[in-house]
Structures are given as C-alpha cells and as structure tokens.
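All chains are identified by letter, namely A, B and C, in their written order; residue positions are counted from 1 within each chain.
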Amino acid sequence: MSATIVRKAAAEPRWLRLTLTAVGLGFLFFFLALPLVAVFSEAFAGGWGAYREALSHPEALSAIGLTVFIAVVVLPFNVAFGVAAAWAIAKFDFRGKSLLITLIDLPFAVSPVVVGLVFLLIFGAQGVFGPWLSDHDIKIVFALPGMIIVTLFITFPFVARELIPLMQAQGKDEEEAAVSLGASGWQMFFRVTLPNIKWGLLYGVILANARAMGEFGAVSVVSGHIRGETNTLPLHVEIVYNEYNAIGAFAAASVLALLALVTLVAKTVVEWKMRQETEMLDTAMPPEKTE
Amino acid sequence: MKRVLPGFGLSLGFTLAYLSLLILLPLSGLIFKASALTLDQFWAVATGERAMAAYRVTFGASLLAALINAFFGLVVAWILVRYPFPGKRLVDSLVDLPFALPTSVAGITLATLYAGNGWIGRHLEPLGLKVAFTPLGIVVALTFISLPFVVRTLQPVIEDIEPEVEEAAATLGASRWQTFVRVLLPGIFPALLTGFTLAFSRAVGEYGSVIFIAGNMPLISEITPLLIISKLEQYDVVGATALACVMLAISFAMLLAVNGLQWWAANRHHGKERVSI
Amino acid sequence: MSIEINGVGKRFGNFVALDNINLHIPTGELVALLGPSGCGKTTLLRIIAGMETADPGHVSFAGEEATHLHARDRNVGFVFQHYALFRHMSVFENVAFGLRVKARHERPSEAEIRRRVLDLLKLVQLDWLADRYPSQLSGGQRQRIALARALAVEPKVLLLDEPFGALDTKVRKELRRWLRRLHDEMHISSVFVTHDQEEALEVADRVVVMNHGRIEQIGTPDEVYSSPASPFVYQFLGNVNVFHSRLHGAWAEVGRDPSEAPAHDRSQAMAFVRPHDIDIEHAPIAGSIEATVQDVHAIGPLVRVELAHASELVEVELTRERANVLRLARGQAVWLKPRQIKVFNVLGVPLEEGGSGI
C-alpha cells in the first residue's frame, strides 16, 4: 500500500515536474529518437526496391556474413572466460582480487584505435612477430584472425562484469551444499551454478554480441578494408557512405540499427526475467519476522 | 587452507592466462615498442603542434559532452525514477541505444541530421550555427555515445534515496531547493561524478561516430584517435605509437579515477574507526 | 499547541485508510495512536505533519486552520521509525540543519547555532558524538539524534512514527521512559504512533485505539485497558478469553445448549474475560462453569493455566501463591468464576458488565 502513497512533502511543484519531464524527454528525443528514426527514413528514401537492392549487393551480403561469423567465434571464448573469472572471484578469497577486477575492466577504458594499433604492432609486418609470420606465410593483421583477436579484446569484460556481482550476491551456500551431497565439480556447476546464473550470463552475452557485431574503430585498424573479404557490416557502412551512396550506407546501417533494437528488447526482457525471478524467490521465502 | 568448492586453480589459472595473453601482454607490447624512442623523440612526437591541437579538440569536446550528459543525465534519471509518464518503460529501454548502436551508424546518422540540409541542421544553419563538420559536431557525436553512463549510474542511487530523508528536511523547514542542494545532491554526487568520468573516458577514446561528423581538419577538428590512424596511414608507426601511449596512460588514469571515486563513495562518512555501542 | 482534527478521511484507490476521524489533542499532552498495521495511524500522523493531504476534513493547530499548509510551514517536529538522518552530515550538522535552512533574517548567528545544537545534544546526552557520522552510531543513538534534530527548530508539536520500532527490547524500554521525561520538560504536544500496546500504555497520557481507519476508543491507558469500548479494543489490548454466548444473564449462559435458550433472546453475543480476572475453584459455586485443565505453565511470577470448556480453550492467569494452593493437574475438572466480564452483541455494542456470574 505504501507504494501508492504520494509523498506530498517530498514532491516538486507541478510546473517544475512538467518542466523537468519536458527537458529530459526533449533531450532524449533529439539525441536518441530522432537519429533512430533518421536511420530508417534515409534507408527507405529511395523506396523499398532500392533498399532491397542495396542489401542484396554481394559486398553487403558478405559483410553481414563476416559480422555474424566473427561474433559466433568470439562469444564462446568470452563466455568461458567470464564464467571462469566470476567463479574464481566470487567464490574464493585471494590476494590481488580487486586489482584483477580492475584489470578486467581495462578494455572498456582503452580507445578502440589504440587496441587496433597494439595488435598491428605485434602481428604487423614491422611488428614483433611480423617477420616470423611472413616467413611461415601466416596472415593475422589485415585478415580475419586479426579482426577476431581485436573483437575478443573489445568484448572481453562484458560477461565477466555481469556475472561477478551476481555470483557474489548469490554466495556459495548452494554449491557447498551440492558438494557435501556428493556432486562432482562439473555436476555442481551444471546443476546448481548454471541455472542460477543463466539470465545474468545471457545478459552479458547480449551486450557482448551487440558490441562484437558493431565494433568499428579497432576492427577498422586491423582489417585492411579488403572489399568482400575483410569488411564487416560497420566497415561496409563507412565505405559505401564515403562513396556518397547514402541509400546503400543507410540500408546497411538499418540492419545494424535493427540489431540494436533487438538487443534493447532482449536486454529488457532478460532484465524483467531476472527481476521476476528474484521477486519470486523473495515471496517464496519471506524473511523471518523479528517480532 | 582447505577449500570446499572445486575449480579454484582451474578457473583462476584460466582467467589469468587469458587476461595476460589477450590484454596485458599486447598492451605492454605497445609500451615496449615506444621504449625504442628516446625520451626527447617521444616528447617531440607527443607534444607536436598537430598532436597538441588534437588533444585540445579531444579533451575539450569530451569535457563538454560529459558536462552536457551530467546535466541532462541527472534530469533524465530523475524523471525516470520519480515521475510517472506514459511510455516510461520504452524510454527507459531506449536510453541504452548508444551502447547497442554501432558507432559508424551513429556517425553517419548524426552527420546527416546535422548537415546543412539535414532535419536538425536545416533549422540551425539560419541561426548561424554550423554543427556538422565543425568541432561542435564532435561534441554532438560524443554526447550521443556517452549518453547512457550518467543516467545508468544515477538511477539506482536515486531509487535508493529514502523519501523519509526528504520529508525530514521538509518538516525542518527546508524548501524543495534547499533539500535538493543540501540533502539530495551530496548523496548522489559521487555517482554523478562517476558517471561523468565514465562518459568522459569513453568520449576521449571514441573514433567511429566522430570521423563522419567532425570534418577532420588538422589543427581544428581532428581528434587524437584519428591522428593515430592518419599517422599509421602515412607509415609513421613510431608517431602513432607515441600518441597511443599517451592515450593509454590517460585510459589508466581514468580507470584509477573511477575506482577511486567508487571507493570514496562507499567509504566516506564512515569515519576512521567504527564504533559499536 | 493544541491540535484539532475534524472529519478527516483518506483513500488510496479503493482502500479506505481513514474514515471520518475526529480528535482533539490539548496542549502539553502526550498521545499514542495505537493499532495494528494498516489501521491508518501512520496516515493520520502524516496528515497532521502535512506530508499527506486529507481528502475531506480539516486539521487546525491552536485553533488556526492548517489543512493546506505545507509541511515546512507547520512547525512540527517529525521523528521517523528509521531515523532518516542525513548520512553525509555529521551529528552536529544534522541537528543544525533546521536552523541553517531558515531565511536569512530569521537565521541565528553561527555562534548561536553552535550553542543551541550543543545544548540539544546535551539534552539527549550525546554531546560527545557531535563530530561522528550517523553510520557510526547505534540505533538508539541515531533515534536520539533524530529527536534532537526535530527539536532544534522548537516545534510546537512533536510527531513520532513508531519511534522505537526498529530498536531492540532493552533499548526500546529505556528510550520510552526517556521520551516521557523529555516531553514533560519541553511543554509541547506530542503524538506518537505505535503498534505496541505496552509502549502506548506506559508512555502516553491518552491512548487513541484505531482499527480499519476508524477510532475505536480514546481514553487514558487505564480506561482503554480496564473498560474497552469494543471487542476489538478488548482483544488488541492484552490477552482475553472470548465466550460465544447466548445473551441471557451473560456468564450463566456461556456454553449452554442453544436450544434451551428462550426464543425471545436469540441474539448472539460475546463475553470477554481477561485471564487474570478468572478464579479457579475445585468445587462448583454460583455462576461458575466447568472446565478441564489442559496444561499448566509457570511463567515468571505468574502461572498460566490452559483449560478446555466444551470446545473452547480458556486461558487463566494465577499468582504463584494461588497456584500453590490449588495444585492443579492435567485432566483435572475444575470450576471457573469470573471477577470481571464484559458482553458485546454482534455489532460490538456493549450490553452488560458485571462481576461474578450474574
């Protein structure tokens, strides 16, 4: 009942409430809603036919394929890392734990361009391994492996960051109970831990996927921009745009914008699921009364 | 110490190996490469005229964008937590759009919107306000990409404010403004500063969205990440490396600042020693 | 300052929180609003403080209309259950807050603020904590600081919402005696909300018992305890045995076969007897009913006896001396005789009152 109480003494006057709402929503309208509408409006500026033609261009299709391929390769690695890191950090105590948490955040802080440059310096022609790689005829930069490596770097923290606080909050009672009942390590993980973290894991994967498919700066540096070969969709957008082919650029952009919208919806659904689950657990196990 | 749960060695070992191979070793490779330069050479590259101008543009625009987001982010977080309005859930989800939308898409869209014939630029140009292909365009792009940070760090903090605290201030005779400035703002300030720092840190490193709208004129509207790229394209790997080292140092500093801020927010007003009576 | 509440009502959606409340609180009185959770007591307190608006009805202070006055202009001190201290301010600054936010021409000088805050901290016996932050204090200390903060603006009315509800039993007892002394020293009117009957009966001059948004009874602690005005008050204040009786010479009818009752007297009624108002005898006497001993517990100075009368459970409290004389054993048949009984009809209207079996 207290939720419906309007706290009169702690409320702004009506004119101020309306002004603030107008200012906030106005800001979001100009900075979020309008660009989103503009993407689709520009993409369809030439009609449905031009849109379809732009997207069915072989270069566009290969860009879509490459984008999906990189994400599919990258995500399992970062899921494995995220789960391992969260397991070690949330369930055990060891020295240097807070330093480790800070280091996991590092890729968020580094400029994508610097990330690309770093791998160029290592695997490029004048890089540390450059001569050895060219002797053995292995191409890493300006080729697919380099693009996968920078995407790994860029999306490295997402899953771990979701799981660490979640698993810390859940504690280790359930796992200890499972072990005391005779479960093996993997049985404990698949039957107890994984069901508890599944929504958090999915949440991290959704965010990592959006970033993996959308990354531009880092991938741009190591891709070499070889058409039909090392062009992901975000890079394709740039190339077509710079050729003054607005419809082509925005048609590709609209696919990515659609991906962004799907990401937002999926994220909202998972957030809702997570909230529902905690609420369900709360009502199933009411706190003991202290009176 | 006997550990009850299995997998400590495996998970920590994997974590450290993966972190070292993918993140730490490559980054130290950058520093190693830069160490081939003498200090004078490094200094000359890192503080050259074009580099200094790029820093000015990058940090100036990032600071402005972060300030804009601090103000509007506070308003947006406040109305999302406190005021009912239709479509609130939708608006709340939309706030994360800049995280989900690839930067190149944001870049071409903002450039189109703010160009002289664009939906927004068309109305600004007669007022003498050129946004696209000027430093102002950089501010717009950076504001867009760093928009969610302040909102998302403030929202849970505003949700956690006990309404009783505001009512206590009211019964003690404080006006709404006094309550905001003296009671609420000190409480949410660390979160505001954290959000601001995160936004600033993200804006400083941003590349994709800016290059389409900036105009990229050396000394005027060229950001540091773009300067790194153009040095690379001119096969000036040493110059690019020096600039990247500067950027990396700033990234570290920002990361430390955010951690420090969070530590400060969690520990202030708990005094030196805890007393329990 | 006296408080006058006339015809106040409040709804939240379909839920009636308050229904036509009329209450007069004279200057200098300490009044407890007592009732179960959801009875509307906190809503009434918040309406007095101006944190909530009454739908219909009026609130006036010292005869002056205050219904639409904002909380900050009412000059009331409010103490919250969970203290609501400003956590980024030191104890000193918390107490000084009300003085610092005054308009410039009313604001005391810095020296005056300092003096007044330290005086208040001495009053609540916590002047040695002036530089601490709320997170460094115990619950009892926090609540005393909250009280000092409320008193700093020299309110004419002090309102306390479950002020001791979050504290443990020992601290709670200590603080409520202390509140009583403080109230007497300050010469203000105080209203506090509680669901703890012991607290209300011990501290208040007058107790307002509320249920379902209505006032059930207003009276001194002794009045509400010894002559409850309704079945609800009877059951809410202390333990009570309820007998579903046919109304005909109250006690004598309890438990008798309904078919024996005269036809003109079919109205159902309930008889209420407190456990300590029942005597146990080994032999039947006039107006007593038979019961079987189920269990005997010695609890401190009292002995609690559970008995079965027909299908109903009866609880009786005896002194240790009386229990020693009676030597009750499980399964034993005894006779019960009330000293004090009150009968209500189904509508809750009191019917008869009496001593030993009428």
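Everything below uses one rule, namely that a contact is a pair of C-beta atoms (placed from the backbone, for glycine too) under 8 Å apart; a residue touches a chain by one contact, two chains touch by 3 or more.
Just so you know, these numbers come straight off a predicted model, no measurement behind them.
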| item | value |
| --- | --- |
| Dominant interface by contact count, named by its two chains | A-B |
| Centroid-based (C-alpha) most distant chain relative to subunit B | C |
| Between subunit A and subunit C, centroid-to-centroid distance (C-alpha), Å | 56 |
| Separation of mean Cα positions, subunit B and subunit A [Å, integer] | 17 |
| Residues of subunit A engaged with two or more neighbouring chains | 7, 9-10 |
| Junction residues of subunit C - those touching two or more other chains | 49-51, 70-72 |
| Shared-contact residues (touching 2 or more other chains) in subunit B | 167, 170-171 |
| Subunit B residues touching subunit A - in the complex, by the definition given at the top | 3-8, 10-12, 14-16, 18-19, 22-24, 26-27, 29-30, 32-33, 72, 75-76, 78-80, 83, 85, 89, 91, 93-106, 108-110, 112-113, 119-120, 143-144, 147, 163, 166-167, 170-171, 176, 179, 201-202, 204-208, 212, 224-226, 228-229, 232, 237, 240-241, 244, 247-248, 251-252, 254-255, 259 |
| Residues on subunit A engaged by subunit B in the complex (per definition of touch) | 7, 9-10, 12-13, 16-17, 20-21, 23-25, 27-28, 30-36, 38-39, 42, 77, 80-81, 83-85, 87-89, 91-92, 94, 100, 102-114, 117-122, 124, 126, 128, 149, 152-153, 156, 172, 175-176, 179-180, 185, 188-189, 207, 210-211, 213-217, 220-221, 233-235, 237-238, 241, 246, 249-250, 253, 256-257, 259-261, 263-265, 267-268 |
| Contact footprint of subunit C on subunit B as seen in their complex | 162, 164-165, 167-175, 178, 182-183, 186-187, 268-271, 274-277 |
| Residue ranges of subunit C in contact with subunit A within the complex | 12-13, 15, 17, 38, 49-53, 70-72 |
| Subunit C residues within the subunit B interface of the complex | 49-51, 70-78, 80, 82, 84-89, 97-98, 100-102, 132-138, 141, 146, 149-150, 152-153 |
